[in-house]
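Structures for review follow.
Two complexes follow with subunit A in common, the first pairing it with subunit B and the second with subunit C.
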Partner chain A sequence: MEALQKKAQELLTTCRANVVIGYGQGSDDKPRAIFVTDPAGADKLIFNDTCKQNLGVYLMKAEVKKLGKMGIFATKPVMRTVVLLASENQLTDIDVTVIGVNEDGSLVDFENLQALENHVKTITFEPDPADKAKIEAIEKMTVEERWAYWQDQLSKCFKCYACRSACPMCYCSRCTVECNQPQWIPVPSHHLGNFEWHMMRAMHLVGRCIECGECGRACPLDLPVHLLTQKMAADARKDFGWQAGMSLKLENPLSSFKPDDKESFIK
Partner chain B sequence: MSFRNLMDFMGIDTRRVYFSWVSAAEGAKWAEVVNNVNKEIQKLGPYEAYQKLAWAGVE
Partner chain C sequence: MTIERKKIKKESLGQWFEKMTAAGNRIMAPKRNKKQVCFETVTSPAEVAFDYVQTTVSAKRAVFPPVEEMLAYKFADKETKLEEKEIKPQPTVVFGIRPCDADAFVTLYEVFSRDYKDDLFLNRWEQTTFIGISCIQADSACFCTSTGGNPGNTKGSDVLLTPLKNGDFLVEVVTEKGKKIVTAAENLFSSADSDIDKESLLAKLPNKFEGKDMKAKINAQFDNEALWSRQSMRCIGCGACAYVCPTCQCFGIEDERFGSKGKRIRCWDSCCFGLFTLHTSGHNPRHTQWQRWRQRLMHKFSYEPDNLGVPGCVGCGRCSRACPTDMNILEHMLEIAEEKA
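After this line comes the complex of A and B, so read on.
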């Protein structure tokens, strides 16, 4: 933790960052994101096992961006987030300095995004085993059971859009759901509207979800919305051999064409 | 492919969803696709699960 605070101080004093994004102490012993702009405030930074939130989401927020160059303490999911955002031309070396935080708390200072990409390629990422098991259980259900399961879960949704706000990949300043001429997605949170919203959100994350599970954690009703995007990520791995956030080159399966893409059901 | 998988995962009856690539110049193919869809859907009958969803949760 001391090394982390020192690093933040160093970034701020050497102007490698104007704002450092990290975890600080929140209420109820829970960590929260903090934004350190003054080297003297670096001692507020903490890091422990409970620091799970994907901080990458703040890299896309205008309020943080305007503070200047961002430094971020990146756990494994955040590293992939940064690589994915960079591949989509949302971040460059001018915008961000990444300090990797390993599971044991040791730090890796990445000189630039290329160094980050090289590092990301050497580590393995496994989706959460509990979530993987849940997805497999749903896959084993009959189509009627799946329909009933998702209706039961999604009918509770009241469209607070916390899943969208918590996701670093949902960075459009104007979302389709706020577009009302024409209105693609119904505004009321009736069952059909909820179904459409969650389907659209999952579709927009195909090949982009890095399986951090933040959407599910952000949900105030604990709906398993992250299973939808993680299922899409698992399919992208299976069908296209694609893992999001591993390369600075934009090769997302849905935005690139390859002659050997499968299309067995299109007649 | 992903969209079809997602619909299936959410419990939508994918037997009722058809994907086809038809050029504007392929009138005969278009007729064939529509006739085929019509025939298959008639066999399945009305999609009652979806009809129920459309009105569920509406006061």
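After this line comes the complex of A and C, so read on.
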């Protein structure tokens, strides 16, 4: 923790960052995101294994960007988030300095995004085993069972959009669901509206979801919406050998064309 | 009317529920589903959760559903015809709301009946009976005593139950509506011993701030951008706080068209969304999250008390518990109270 605080001070005093995004102490022993702009405030930074929120979401928040160059303490999912956002031309070396935080709390100082990409390519990412098991259980269901399962889950959704707001990849300034003249997908949180919303969200994240699980954690109703995007990520891995947030080159399977793309789905 | 005190045995609740159902009532009560306790339609007390501090989502949907049809229309022969809908909500008993929630229903009533009489709301309201249960436990997010309430407050409840040590309930019949629902099952209730000390049964929740001073304090901070920015920097602008809140009542109106037919629907909305105040011109008077956060708190602690004479926040703590980024409303209010004017 001391190393982390020292690193934040160093970033701020050497102007490698004007604001450092990290975790601090929140309510009832929960961690929360904090934004350190003054080296004297760096002692508020903490890190432990309850620090799960994907802080990458703040790299896209206008009010945070306005503070200047952002330094971020990045766990594995956040590293991938930064690489993905950079590949989509949302971040450059001018915007962000990344300090990797390994599971044991040790730090990796990345000189630039290229160094981050090089590092990310050397580490393996396994989806959360509990979530993987849940996805497999859902895959084993019959179509009717699966339909009933998602009907039950998604009918509870009241469209607070915490899933969207918590996701660093959902950075559109105007989401399709908010266009109502004409309506693309139904805005109300009735059954059809909820189904279309969650399907659209999952589809927009194919090959972009870095499997941090933040959407599911953010849901106040505890709906397993992260399983939808993680299933898409698993499919992208299986069908295209693609894992999001591993390369600075924009090669997302659904938005890039290759002459040797598989066409086995055309029947 | 003066409050009448009675007693009911826990095992008699089942028969009371049967009477209520037989009278055509739908019963909504807290039900446990894994980690969450939410209001759902139930038929017997066996389904009801009693051992919780607060439900995740409030019971406001009983009178203000997240999605509600306002009107339907049809286009035929070059003419649009409105289809009048007869509003006949099912009589409903909301069982097991907390005293803070009951207080919140009074706020909702004021909003929907103040000048424009909102039929959709009022028709449901008239058909709804609120049976509260006093709090015997509270957690760190609770602060009803700072917003004018208390763990055994009868305001807003038609009947208020207070759990006794032996599992039975002290029954306080607060309103005529409450009297009706108790009288319909009169044989289940016995007279309460006059020595029951209700106060001793309740959760102890010390006052965290002076609710009556808060309006002046928050008004004094209106232009303090640094304060609002600092507080809202971690807010990600979702609507979780508003949607779990028992008093938030903002809605948006959507038209859904299916061929030559259509419906106009009102849906819950939240002032924390950027779209909430976005004008057609593209101008947004609340274009930053700190302005939206300020609006949320000002509305609850200044505008609503001013315009309606009722609290805009009842201290239930749901938003603090539900927030994915730990925006703790109590902590923020304490900071505002201490900030220099």
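Here, the second predicted complex is superposed on the first by the 265 of 267 C-alpha atoms of A that agree within 3 Å, B and C clash if a C-alpha of one lies under 4 Å from a C-alpha of the other, contacts with A are read in each partner's own complex, and residues count from 1 in each chain.
Just so it is clear, a residue touches a chain if its C-beta (ideal position, glycine included) is under 8 Å from a C-beta of that chain, and two chains touch if they have at least 3 such contacts.
All values reported here derive from a predicted model rather than from experimental measurement.
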{"item": "Partner chain in contact with A:Lys140 - subunit B first, subunit C second, else both or neither", "value": "neither"}
{"item": "Partner chain(s) touched by A:Lys258 [first = subunit B, second = subunit C, both, neither]", "value": "neither"}
{"item": "Touching partner for A:Ala148 - first (subunit B), second (subunit C), both, neither", "value": "first"}
{"item": "Touching partner for A:His190 - first (subunit B), second (subunit C), both, neither", "value": "both"}
{"item": "Which superposed partner A:Pro220 touches (first subunit B, second subunit C, both, neither)", "value": "second"}
{"item": "First (subunit B), second (subunit C), both or neither touched by A:Asp235", "value": "first"}
{"item": "Partner chain(s) touched by A:Lys249 [first = subunit B, second = subunit C, both, neither]", "value": "neither"}
{"item": "Doubly contacted residues of subunit A, that is, touched by subunit B and again by subunit C", "value": "188-190"}
{"item": "Residues on subunit B engaged by subunit A in the complex (per definition of touch)", "value": "1-14, 18-21, 33, 49, 53-54, 56-58"}
{"item": "Contacting residues of subunit A [partner subunit B, same complex]", "value": "138-139, 143-151, 155, 188-192, 194-195, 198-199, 202-203, 206-207, 228, 231-232, 235-236, 239, 253-254, 262-263, 265-267"}
{"item": "Touch list for subunit A against partner subunit C, complex", "value": "26-28, 30-35, 53, 57-58, 61-64, 156, 158-162, 164-166, 174, 178, 180, 183, 186-190, 193, 214, 217-222"}
{"item": "Of subunit C, residues touching subunit A in the complex", "value": "34-36, 38, 56-57, 66-67, 140-141, 229, 232-234, 236-240, 242-244, 252, 254-256, 265, 267-268, 270, 273, 275, 288-290, 320, 322-326, 328, 331"}
